[in-house]
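Next up is a structure, given as structure tokens.
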Amino acid sequence: MQPAKTVLNIDSLFTEFNTIDGTARAVNDVTFDVKRGEILGIVGESGSGKSVTALSIMRLIRPPGSIRRGRIEFFGRDLMGLSGDEMKDVRGNRISMIFQEPMTSLHPLFTIGLQISEMYIKHMGLSKKEAWEHAIEMLEKVQIPSPEKRVKDYPHQMSGGMRQRVMIAMALSCNPELLIADEPTTALDVTIQAQVIDLMWQLEKEYSTAIMMITHDLGVIAEIAQRVIVMYAGEIVEEAEVNQLFEQPKHPYTRALLEAIPKLGRRTRMGRKPLQEIKGIVPGLYNLPAGCNFYPRCPEARPDCRLSDISLIDLGIRGRVRCPYYQGAKA
Amino acid sequence: MDNWVKKIRKRTNLVAGTIVFLIIVFVAVFAPYLAPTHPWDDADLMISELPPSGEYLFGTDSKGRDILSRVIYGSRISLSVGVISQLINSVIGIVFGLTAGYFGRLWDDIVVAVANIMLSIPSLIFALAVMALLGPGLINVFIALGLTNWAYTCRITRSQVLGTKNQNYVKAAKAMGFGRCRVMFLHILPNIFGPILVMASLGMADAILMEASLSFLGLGTQPPVPSWGGMLAGAREQLFTAPWLSIFPGLAIFITVLGLNLLGDGLRDLLDPHMSETK
Amino acid sequence: MKKKYPHDVVSSSGNIGSAAENPMLSVEDLKVYFPVETGFLSRRREYVYAVDGVSFDLKKGETLGIVGESGCGKTTTGMAVLNLEQPTSGRVVFKGQDITDFRKLSTETQLQLRKEMQVIFQDPYSSLNPRTSLDKILEEPMKVHGLYPSPGERRDRVAYLLERVGLTPSQGKRYPHSFSGGQRQRIGIARSLALNPSMIVGDEPVSALDVSIQAQIINLLIDLQSEFDLSYVLIAHDLAVVEHISDRIAVMYLGRIVETAPYDRLFVNPLHPYTQALMSAIPVPDPKARKNRIVLTGDVPSPRHPPSGCAFHPRCPERLAECSESAPGLLHKGQAHHVACHLVR
Amino acid sequence: MKIWKIGLSLVLTLGLLGADHSFAVRKGGTFNWIAPYGSKIDTLDPNNSGDEQNGLVTMNIFRCLYRWNAAENKPQLELADAVDISPDGLVYTYSLKRNVKFHNGRQLTADDIIYTYNRIANPDNALSGTQNLVFIRGAMDVFEHKAKEVAGLKKIDDHKLEITLTSAIDPAFFLYSFPMSIVPKEEVERMDRPFSSNPVGCGPFKFVKWVKGSEVVLERFEDYYESGKPYLDKLVFKIMSSSAARDLSYRAKELDANLLYATQYAAYKKDPELSKNLVEVAEMFTRFVAFNPEWELADGRKPFSDVRVRQAFNYAINTDLIVKKYAKNKAYPAISFLAPTTPGYDPNGKRYEYNPEKAKALMKAAGYEKGFDLEIIGTGDSSYGTGVIEVAIPFLKKINISASALTLEGAAKYKRQGDRNFEAMICSFGSGPDGISALMLFHSTKAKKLPNVARYKNGEYDRTLDLAAETRDPEQRIAYVKKANEILQADAPIWFYNYNKAVIAHHPWVHGIQKVGIEHMFQDFTEVWVEATSPRANAK
Amino acid sequence: MISYVLRRLIQFVPTIFGVTLIVFFLLNVLPGNAAMMAGGKNRIPPAAQKLMIKKWGLDQPVYARYFKYIKGLCTADLGTSFISGERVTDVLAPRLWPTFKLAVIALAIACVTGIPLGFYSALRQGTAMDTVTMIGAVSGVSMPQFWLGLLLMYFFSVYLKILPTVGYGNGDPKFIILPAITLGVGYMALLARTTRAAVVETLSQDYIRTARSKGISDLLINRRHVLRNTLTIILTSAGLQFGSLLGGTVVVETLFSWPGLGTMMVNSIYYRDTPITQGCVMIIIVGFLVINLLVDLSYALIDPRIKYQ
């Protein structure tokens, strides 16, 4: 492995959506970094702000959303300071993204060949023909059988798994330094999901691209990520190395989440015990509770949790956690 | 509910459209109190064809009548033409579209065929023939226009039903043993009403203009009762010699159509931000 | 068209509940084909073989889990059982009554049957009529079926149901859009209970929910089962969920059941290569458990053109020559464990 | 015995020309003219259509036995140099012109006239000119399928034709109009192209093309029998029903002349340039509201059967004011039915002046003090449609008649007219050129075209008209016509509104536009020429 | 593909029969008849009218006439005009091309202006420009055609003197400009509104976000990704509204003395020349059906998901 070098450094990112319902703080003071060659997992439920974080990095937040403040440093250069055109050169070329819905994320009216070659034409200035050749090559890399034929296919002629491979091929075509994968396997069947995860593993090894893997599935995280960030209601609640997170979850939310998942074979081995519920519902982003966002649902809540905002506590190599009682709770 | 108020307040289209629409309704309802003179009984040939002035804000027509009063009274006809003919349209379109979409099979084929036939007959020609058949008169204008444009509503309704009938709540309703009529009218219809409402508000504008076209051909409302279309038609040959005769009723139509379009757009945004505009 | 399973199939099964009883629901050789018209003057008809010969029983109080990937026909099976899809052939027997030709039954019988069988859908957003308040959603079926005739009784019943699924009666005036996904799913469950059914078909009832909510609903379903004496047919793609809830599990692939067994038998000893692959593909939330998985190649074939012989053979890592020629029948492997595979003899 | 010998009088022509300019005529140029009535021309087969719109075109392609002399306001011989009339007035012998050629080069003979009239009489052809032949002996037999050919038509030689009549009336009034145009048999019966859109006649202009719905183009027929005429190279009829569009076209100098409607008339009158070249004529059309005396109120009374009610109606409306303000003086207030240019018109006739008090008194006397509701039907025409009724409504209100107007589309109105299904109806009828046939409209038994619209029944009126028809002495005849006209006025079966004033505006370079009382649009273009200043002076 | 076209063409048949049935009976119950109207102001005497009615077969019961008409239709015989006595096909044939030309050019004007306008205002949603476009579109819809036509005539012919007022001018392109604009403006407004809605919807699609994430320029995204997808929606709407465009020819043709079908149809209704009316309706309907077929077929070019077996 290469020495850890920071690819991306997010510092105090705030992204808001101003709608008629009020202001939604979708991303609230998020700070983290991504290092070269690592797979960073970001896990959270819907509305936790993980996808918005990704789109903020790409600067693809559309009105009524906007990045209020924060720095997004990519190899030390603040992306927020780039002009629109400069940002376009970064997008797809140096940072690329895979989306959740392979069905709708590809343009239905263009061949996949064209959609991949667009990348080469835009970022490498290749001719159409060269770009087309590269597209075929890329399809081969993502293990699409008979790529020279499939390159002329339209998205609807492919299965979901194939389409996600195309998305991956497209994202990797310009050999980006950072790949953001936003729930890349959620819409896929388990057997197909396994294929895609395998593929991402292999590609990561081959290209040593840094990957930000966003998912709600702790199983996927456990399979693929090296470092994990857990988000809840727009905030990072915990960050840890993957083994540590699963073995010694520090934040009550992480812990509850792990308990709530039915695990295959558990009933067979241990008999049926009720699943650990997390009571209540995910808070709406328009009216977050005062103090700790998780407080109303926290099984270990203490009265003072609601009094003031809780800051993220840096624990060095053990990661970070947004709970003052993480140790006590553990006990 | 508070949310609704806020939501509505933020929709300029909807608000502007509603205000325009309400003003016109207000003018129509209170026409006798608003109009300075009676629109035909107070005619005085001595003051015929006077341009707009302080005394006659919109001028007078060739029959010596105050155009402002006629425009005010005209809102009654034009508005009722819009509303009632659209009501007829919508009822026919909804019943056919709903049943066709829901039952499918042969009935669907028949309805689609008939709707296609209606779509392919130019609406003005159809309305013209119906009017010629029924004879002129306001009620007949309602009927003729009501029978003319239902195919659009039918199409929209049908396509909406096709999209909705596989929704799980419809399946759930069926699974609970609800009757077909209950499912169609109580479960499906309220949910596809948005696009139909939008269609209707835009169709109203169409109907007002169609009434104008019928009036041009002498088949619209009967004189001396004023309708905007009829006033325009009457002033058709005087566009250059006495422009005020056509400008004011023309403006009235424009403002109403604008208002209804805004209202339609607003309603669409409010009810379904992703509805695609097909008409 | 001539692909048929042998008719013996699941005759004796079940391990929980009283085995002597007649099954509450019995499905025999169910087929649901959707016609697709192609061609011009010839009007050639093709079919989507959505469900192609499925048989199973469901006992009173039992939970049958049906798992499989998208397009395997599990949802269609559920809908056919509820008669929301018309079966092409086969038999559906509910409480001893053949209900296959649902429309030919008397209206009264139809109503009675509708009352007995209810459904919970996957997507909590599309399964509730957005223009109907919570109270009305729950009251309407009672009115239609003439249960709880007085308004007071109905109101009490609604309040009871809401409380039972973890909502408060004061929320009854609100409309579905003001509820979160998990709450909506609770409403869907309350609605399915409104008529006191004896069987509920759950079509992926928890798969659209967030992890923290999913557990709540699973627990609720389990609690309600014993309380209301319900039988469940539970359709899901998540094996872990299915294992947690079901007594017996049927694994479907391309319109057919490839393996069926009590939950514990299946996990301890999956016999069908597809079941094995499926289980191995599920990511386990434990980084230390990273293992060598069976990664299947290729995609699920289209149910419009299912492969010859065993439908799984093109993707099967252990396929034999005969797999492409003949379809294996469901074999009883003891302890209510059935499998359809040439490898298992 | 009386011999009419009217060749095409050069003197008359020069007199006409001398009247409005002092320099010599110029040959050449294209004249853009209009067809303003409705937006179509149906057919150019002149025998097949009675519509003015067709007639104003075909009358320049074809010629009839007689022609309307606009200057003298009466018909005159056209295709014959002379006619001999038998003493009993029943046999007319025509000496046909020998230099008349059809556009296909063939000479016109008596056979052509006989062929044409037989064609018109033949009911299988269903031609609209039939009515004009009833006075010829044997025409009715043909019409009723009893004979194949009209017995009263006889060829003496190629250029001598004898016509025998059933009664001693002047055939000129029946044979001058365009439906009686003489057509060449060989062209009518051609199989390769329909005559209706490829007309061949013997008139001054030759058919070039007809862009249906847009224009008809004619060009000079070099072999026309009047030497030196016509002057124009080309005559184009633009089919334009919108008066506003015509106005713009005229102002853009794309039209050489334009027929004006009231609104433009007022505007042109005010414009110093445009007002210079207006040709006005009192047309023989009378606009009136016919009452239906049979119409019953709910209580069974028939208001219009009472002459006092009808008179009250006439007194109640300020016709002069309406003509001045609404019709913008593009009309003459009516005194009885006959138009000013029609023989028998009496400019000093007693009028119903505007007198609401008298009207009220009459209504009271008739027992209708409280008035009644009245629906008046009409078309949407701007000069004689329901617009006029709208103007009249406030006046009628004063005598407690609540009137409303019902605008009907043409055919629907005619249907109700035919079925007598109306209370009152506004219409416009030709009130000339022959006073007798015009007044026949109100004859209780002999109303010719359509049944008496007003269902007017007055024995004295009928008798007077019958006497007029029988009289051979012109003076006496006029006297009878005048008397009938007066009776009509006194009995007021209709509200006499106005006679049309037809106005043609032309550009200064145009010469030879005449006042044509029968219908201003029936301009004879043999007389028209354009100066070199015309934008189309040299256009071919 | 060919079999699809064939099938669609066969589907035309019942539609055409349905339309003829409706139109035939509607025309039949209209008050008055052609004989009544034949003489223009010089009415034809009742006896002659009866003869005409007999000649034209109007005395026969309506169903008999309908079957006769349908029989004729099967042999491509549309009957004979009452008034002129010419074959309907001969009467209509020369008027087809002008109407077709007018409709197509109006359509082209509408597309060339309406689609970019709609596109533009969708990209600038909520700005003043968007509002102005919207108001412009509404004026376009609510402006009576005769008004617009006369104003254009005044401006271009009387004031600027650069275009002729009316007429066909032997097909001189100068003559078609004003009528085509007059006819096209309402349609343009409609297209602008449809386009705007379609673009707004397309912009919210996932694949547009994908395109953005690829770093492709906005211009290319709009021109290629958005437009392509929007076209299908626009085309559908354009095809459906083509009927109303054809209907609009009536007013425009009359105003501009354009020798097309529209004027002829209205006149034939007025004169109760039913064979001509039927013929016009037939042509307009076939035109409508063909246009919509072409629209459906063009989907195949735009949208690869649509396959015509």
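We just call them A, B, C, D and E in the order they show up, numbering each chain from 1.
The working rule: a residue touches a chain if its C-beta (ideal position, glycine included) is under 8 Å from a C-beta of that chain, and two chains touch if they have at least 3 such contacts.
Note that the structure is a prediction, hence the values are computed from the model and not measured.
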Tell me, which chains sit next to both chain A and chain B?
C, E
Farthest chain from chain C, going by the mean of C-alpha atoms per chain?
D
Find the geometric centre of each of chain C and chain E from their Cα atoms only, then give the gap between the two centres in Å, rounded to an integer.
53
Taking each chain's centre as the mean of its CA atoms, chain C sits from chain D at a distance in Å of 87
Between chain B and chain D, tell me the centre distance in angstrom, where each centre is the average of that chain's C-alpha atoms.
44
Distance between the centres, which are taken as Cα means, of chain E and chain D, whole angstrom:
38
Overlap residues in chain E, where contacts from two or more other chains coincide
30-31, 146, 150, 154, 266
Would you give the residues of chain D that are in contact with at least 2 other chains, written as numbers and ranges?
242, 244, 248, 409, 411-412
So in the complex, the part of chain C that touches chain A is made up of which residues?
69-70, 180-183, 210-216, 218-219, 222, 237-241, 243-244, 263-264, 267-268, 277-290, 293, 295-297, 299-300
What part of chain D is in contact with chain B in the complex they form?
242-244, 247-248, 261, 263-264, 266-267, 318, 321-322, 325-326, 379-380, 382, 385-387, 389-391, 393-394, 397, 404-409, 411-412
Touching residues of chain B toward chain D in the complex: what are they?
40-46, 48-49, 62-64, 132, 135-137, 217-219, 222-224, 233-234, 236-242
Which of the residues in chain A end up touching chain E in this complex?
58, 60, 85, 87-93, 96-97, 99, 101, 104-111, 118-119, 122-123, 154, 156-157, 167, 170
Residues of chain B that touch chain E when the two form their complex
113-114, 116-117, 119-126, 128-130, 132-133, 135, 152, 205, 209, 212-213, 216-217, 232, 236, 239-240, 246, 250, 253-254, 257-258, 261, 265, 274, 276-279
